[in-house]
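Listed next: structures, encoded as structure tokens.
Both complexes shown next keep chain A, but they swap its partner, so chain B is in the first and chain C is in the second.
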Partner chain A sequence: MAEHESSSSTVQTQKRARPQSTWERLLRYTVVRLVTLFITVVIGVYLTILIANMGGYVDEIRRSQIREQIAIRLQNDPAFRALPPEERQKRIDAEVAVEEKRLGLDKPFLVRSFNYLKHALTLDLGRSENMTSDSGSRQVRLILLERLPATLVLFGTSQIVLFALTLYIALYLSRHYGSWLDRLFVALSPLSSAPGWFYGIFLIIVFAAWLKILPFGGMVSVPPPENPIRYALDVAYHMILPMMAMTLSSIFISVYSWRTFFLIFSSEDYVEMAKAKGVHPRAIERRYILRPTLPTIITSFALGVIGVWMGAPIFETIFNWPGLGRVLFQAVQLFDTPVIVGATVIFAYLLALTVFLLDIIYAIVDPRVSVGGGQRA
Partner chain B sequence: MLRGALKELLRYPSALAGLLVILFLVVVSIYTVITIPYSEAIRLWRGGEEIWGDVPKLAAPAWFNHFTSKKRPLTIKLTSQDEGVESNYAQISDDLWVDDTTYTFDFQYDEFPQEVAVTLLGTFTEKAPYVSIVWVKPDGTEIRLADMAVEGGKRVYRASQDEKLGRKLKLPANASPLVGLFAEDPQAEDPVPMKGTYQVRLEGTLFEPDSTLQSKLVVYGTVYGWAGTDHLRRDLGIALLWGTPVALAFGLLAALGTTVLTMLISAIGVWYGGWVDALIQRITEVNLVLPVLPILIMIGVFYTRSLWAMLGVIIALSIFGAGIKTNRAIFLQVKSQPYIEAARAYGASDWRIIFFYMVPRIIPTIIPALVTLIPSFVFLEASLAVLGLGDPVLPTWGKIINDARDNGALYQGLFYWVLEPSALLMITGIGFAMLGFSLDRVFNPRLREL
Partner chain C sequence: MSAQSSTSAQPVLKTEDLVLYFRTTKGVVQAVDHVDFELDEGRAVVVIGESGCGKTSFAKAVLRLLPRNVDTYTGRVYLDGEDIMELDDEEFRLRIRWAKMSLVPQAAMNALNPVLRVSDQVAEPLLIHDRQVTKEEAFERAREMFGYVGVPESFLHRYPFELSGGMRQRVAIAMALITRPRLIILDEPTSALDVLTQANIMNVLKKIKWETGTSYMLITHDVATSSELADDVAVMYAGQMVENSDAESFFSEPLHPYAKMLMAAVPKLRGDEELEFIPGQPPSLLNPPSGCRFADRCPFRFEKCDEDPPLFLVGDRKVKCWLFEKEAQGVYGTQPAVATGD
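Now for the complex of A and B:
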């Protein structure tokens, strides 16, 4: 590891007048990436708003919310309640008009769309139509953020486990190239054409419906255990099937492509040289194969994570996992527009966050990355 | 070059298997489109009681019987016009006629049927025909099921809804009345149906000379057809068959549209360079953070669920995918090659260079990618359908899975309902993936020895 750092920094000193420390490089890189990604998110969210508002849906949400708020506020006013019905209606209409003007709903769409963008970016997502959060709130932001941990626990854990497992198996197979296990993985790689939820259905049939040893879905038993350790164990128990499904759908293809990649790299001249020198095979693997391929591995892993994120709505629906994706599915069934739009915005944020995190990891492992967006020396 | 590639491709057993699977799917598609035309498929799939009334609900495929020792009953359907159904019409007095019909059927199964229904159709001017339904077991026991006047011209008697029957036969509280009709010993702990010849006697009395009485007996089985039925009694076979051309067309069009457009855009970007290239690169980055599935869900909820509209949106959202970067890397290499310079020197136009000199070079990389991409779109369509955003009219595999899940097929053990469309999806996915991976090896020799 240390050898590599020094060798790569010599490359940089040749190119640059002033040598840069890893942290300085990383900091500058982070800031630049953060700014670019923020602009990207802004554009992404703006596109989402444009799509959502093509039929005027966001406008409708806003208008009905304003009317509802004003009606509720006026209902509490005794003077208002004393008015005859037509007068009351007139009062409400007048107040709604004032409020719409104040919020700029009478302005042209272009101006309004930027208002929405501001609301979306600050996560001011409005109020839901029917759905409530577990604490009883109708704030879309609360409904969504409450479910976020469940999604992060499931997808975070399984992606990390999957990453480690895939890497380990791929390295093992590249050492035992041509063994029956190697051939098995190659032969099974077409299985990865099916997404995780699809294997979920099979696994539920086998383990929940038939063998009855694992739950059909959900995150905790009913009622949830009170002891925090037993609670965690219970969650882990419920995570077995979803994790198995995710593993089944992606492990064969990733192992296959990574092992192929490792094999190509292990025929490089410098690896042959190291072998001839008598370097320990493990050390060769770590220093000469794994280290230089890590950036590529991380990129492919990032694309995998993003792909899995995209599938969250259906994956969580199949497993009844109380996460963000399932909220989106419920919102679709209840036709709860503010929640649908809000969830889409949150997903855009999560994707951007994933891309950002992986960019940073990429920068840490690949010393050639310099400010300017992933340019290679 | 292509012939050589094909020859080499066939050396891979997985390619051969993949091709066979695809051939099978294509043959099924052609067969389906010819035998069940589009309009007919939609009519059948959206049909209600008038089309599927005589089909059992939630019945497993009939071939299940080949694998179990306990034979499940098939549906028996008889009408008063059928041969072998005895009719006896006679005048008793000036204003009284009898019209007796006796249905005889053989029952050799080990499980109880789902339902027994007798439909009575009568014509009359003032006084409706009166009918008594008598059930005769193989051992000669007679059970009087119902006495009813055919008011309104049509009456349907359903044994499973006849609570009085259960009490009359002294059945245990939660036993179906059908147990009383078929069991050897209805009070037994684990009743078994009596095998043999059953009879249903309809004793009709008519009060007018022109009055007529027709009837139909349906003993609903618990297995049906080669694919079984769903909660609306529809034959799943139709949806499974029609799902094939839909899935193939959807996957193929989406993959083709995405791949070709991605290729052209990256070629244009590389060739013109400068701000065009930069713009394409930036769009790709924005596209990476666009949540595709939620956007598709949004479009499905707000605008349209039509399969072909979804196809367009999916293509539009996938054009600027990861493919742009891979293509770009290859095109950058191609662009710097001397023959491009030569083409430029003889005055070839930009478009000529893009279409005749750059694009052909990337085809070998594109073809395996395209084939491997097809299943992901087939599954994307299924995903949307499972989320309840399937095409409103077309029967697709994903919609069957969605119906099955919504109606608790997994909890009730109706696995055939989920497994049949899943198996077809799986076969499609594996078939295209096997072909795609082999193509990859043929066209990318670096992978060949690995």
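Now for the complex of A and C:
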């Protein structure tokens, strides 16, 4: 940038001072941004801890579960049954106290909630209450990590394919505003009011139960093929129905809204000027419509990708897809707080990271976003 | 400067029976209705008229910058004698757009792409229309044009949001000049600016006109400011061209009753007569009256006004009013002519 400003000496001196202060400002901005985002993550995670524990009520449930388990176990012991009732009660109380101490339930919830927070933020996700990972581990980290690839394969692929397809069709329709295809997409957009799993059920009925050409669900056939290429093909084959369901439920509304978005931006004065200047229609689309709207497109894509990470609990359940969404679904049903909190923490960190990256990308892509308050020399 | 030359030289711009109708939910809007018009080389015409009279639509019809809801777009537009309505879109884009005709838009504030550097946008037409030009040469020309319109060169590589309104307007003018077009259409180039900046821009335009001999079509409703620049005046009313005269005669004595009343409504520096206004409203362009469109508001109305008047030639001036039927030397253009003087 500085190379151009060689015309007058006053401008030059201003210029020389600027790069340094820009870096300083960038650094300060980055630090401030990171701190704010971290505070957001802390608040979000702590709220999740409170909610996942039902404000401490889950402890009560767990205490009574422990008492019940111990009572049943002791009931089966003939020696225990021979004891007088007060003695039996004492034995039970003693064993419950040991178990509660082992699990940390003897401390008040408020204290433990901050312990949870510390562990969560340092990614020390701990052990689950009841659930085990597919390989049999009780480590929350492993429970989540082992399911991550399945979710990423399905939702990542669909998200990227859908996003590219949506933008392409939307641009095409904005060019052919009012054509029959345009009107078709607008007319079909209410289809997106139903979620993907809803279409999933119908698609399974049609293609799996009736036509018998696609599988009911799952990620691979049983037994899985040995050959890696055939394994990949088999996964792709299992992905057809879920991707169809997702496409059906989202493509019409997103094409509709992007097409409207592009239409609004293509009636900007500078687009008309570009046309008057004789810029090639493709170049108008690239430089005068897509380029100024790039920040919005990137944001929408990034937020979509974060959404993907968690999977969709009901969607994965319908298609029997062994992904994170289903783990989360099970964890909620089993009150498995560490798993819920673990998933949320990772999600919160990913969200914060994405927002941080978006801020930086914005500053690069959009010259109007000037770093640190916006006063330029 | 005399109007005599206009008959011999070929006009830069000539329209015949130009029609531009828009489709709306309420019906068809007759924004430009059978306009015959010509502009001679090196002259500046000021197109005046009240808001919504079709001035901007006329410019858009000439530039072929059509919105999506066009209903009818017919007629002839000659640029240097060539009928440009015959060209297909791609030819029009390559040979006419900015190569021969450029535009300074109404709201120059938004006329620049916010995410591209000003230099790229000013140099862009040159790179499109002149294959031989390198990027450096194009930037050099842009720098030259900046000097010409009075924007400091240090602003060349800035973004539009870093420029003030007056500067942006001057950048838009620089952009319009860079390919040395035959005709520049200025659509209210100063209406959003303060008086000082307005005067400044008008001076820039005058200088350019003297130095380059470019023809101007200046669309405005600011009669006072534009009178400095005008060689010719065209008055539009309700989608039609009602008078087309040289500036000198027009400002001393407008012919058309509407033009007379329009001029009476312009404040003057000296003299304490009260400003007049025109009673009533212009007719709706959705369903305009079949006769003269000004008849309802016209103090000189007579029976003949129920018929649509042609453009009468009065000397070198053209006026669309039955009052001049007697003294007219003839009828101009290809109006759906109601027979005159049989």
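Basically, the second predicted complex is superposed on the first by the 213 of 377 C-alpha atoms of A that agree within 3 Å, B and C clash if a C-alpha of one lies under 4 Å from a C-alpha of the other, contacts with A are read in each partner's own complex, and residues count from 1 in each chain.
The rule is short, and it goes like this: a residue touches a chain if its C-beta (ideal position, glycine included) is under 8 Å from a C-beta of that chain, and two chains touch if they have at least 3 such contacts.
No experiment lies behind these values; they were computed from the predicted model shown.
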Worksheet item: For A:82, is the partner it touches chain B (first), chain C (second), both, or none of the two (neither)?
Response: neither
Discussion item. Going by the contact rule set out at the top, does A:72 touch chain B (first), chain C (second), both, or neither?
Written reply: neither
Worksheet item: Of the partners chain B and chain C, which touch A:288 in the superposed model: first, second, both, neither?
Response: second
Worksheet item: Between chain B (first) and chain C (second), which does A:47 come into contact with in this model arrangement: first, second, both, or neither?
Response: first
Discussion item. One more residue to check, A:197. First (chain B), second (chain C), both or neither?
Written reply: first
Discussion item. Of the two partners chain B and chain C, which one touches more residues belonging to chain A?
Written reply: B
Item to complete: Have a look at where A:276 lands relative to chain B and chain C in the superposition and call it first, second, both or neither.
Response: second
Item to complete: Considering only the touch criterion stated at the top, classify A:110 as touching first (chain B), second (chain C), both, or neither.
Response: neither
Worksheet entry | Footprint overlap on chain A, comparing chain B with chain C | 177
Discussion item. For the complex, give me every residue of chain B touching chain A.
Written reply: 14, 18, 285-286, 288-295, 297-303, 322, 372, 375-376, 379, 382-383, 386-389, 401, 405, 410-411, 413, 415, 418-419, 422, 425-426, 429-430, 432-434, 437, 446-447, 450
Item to complete: Give every residue of chain A touching chain C within the complex, in rising order.
Response: 1, 4-5, 7-8, 11, 177-178, 268-270, 272-280, 287-288, 291-292, 294, 365-368, 376
Worksheet entry | For the chain C and chain A complex, residues of the former touching the latter | 63, 65, 68, 93-94, 96-99, 102-103, 105-107, 110-116, 124-125, 128-129, 152-154, 156-157, 159, 161-162, 175
Response to the item:
Listed in rising order, chain A residues that touch chain B in their complex are 36-37, 40-41, 43-44, 47-48, 51-52, 54-55, 57, 177, 187, 189-195, 197-198, 201-202, 204-205, 208-209, 216, 260, 263-264, 303, 306, 309-314, 317-318, 328-329, 332-333, 335, 337, 340-341, 343-344, 347-348, 351-352, 355
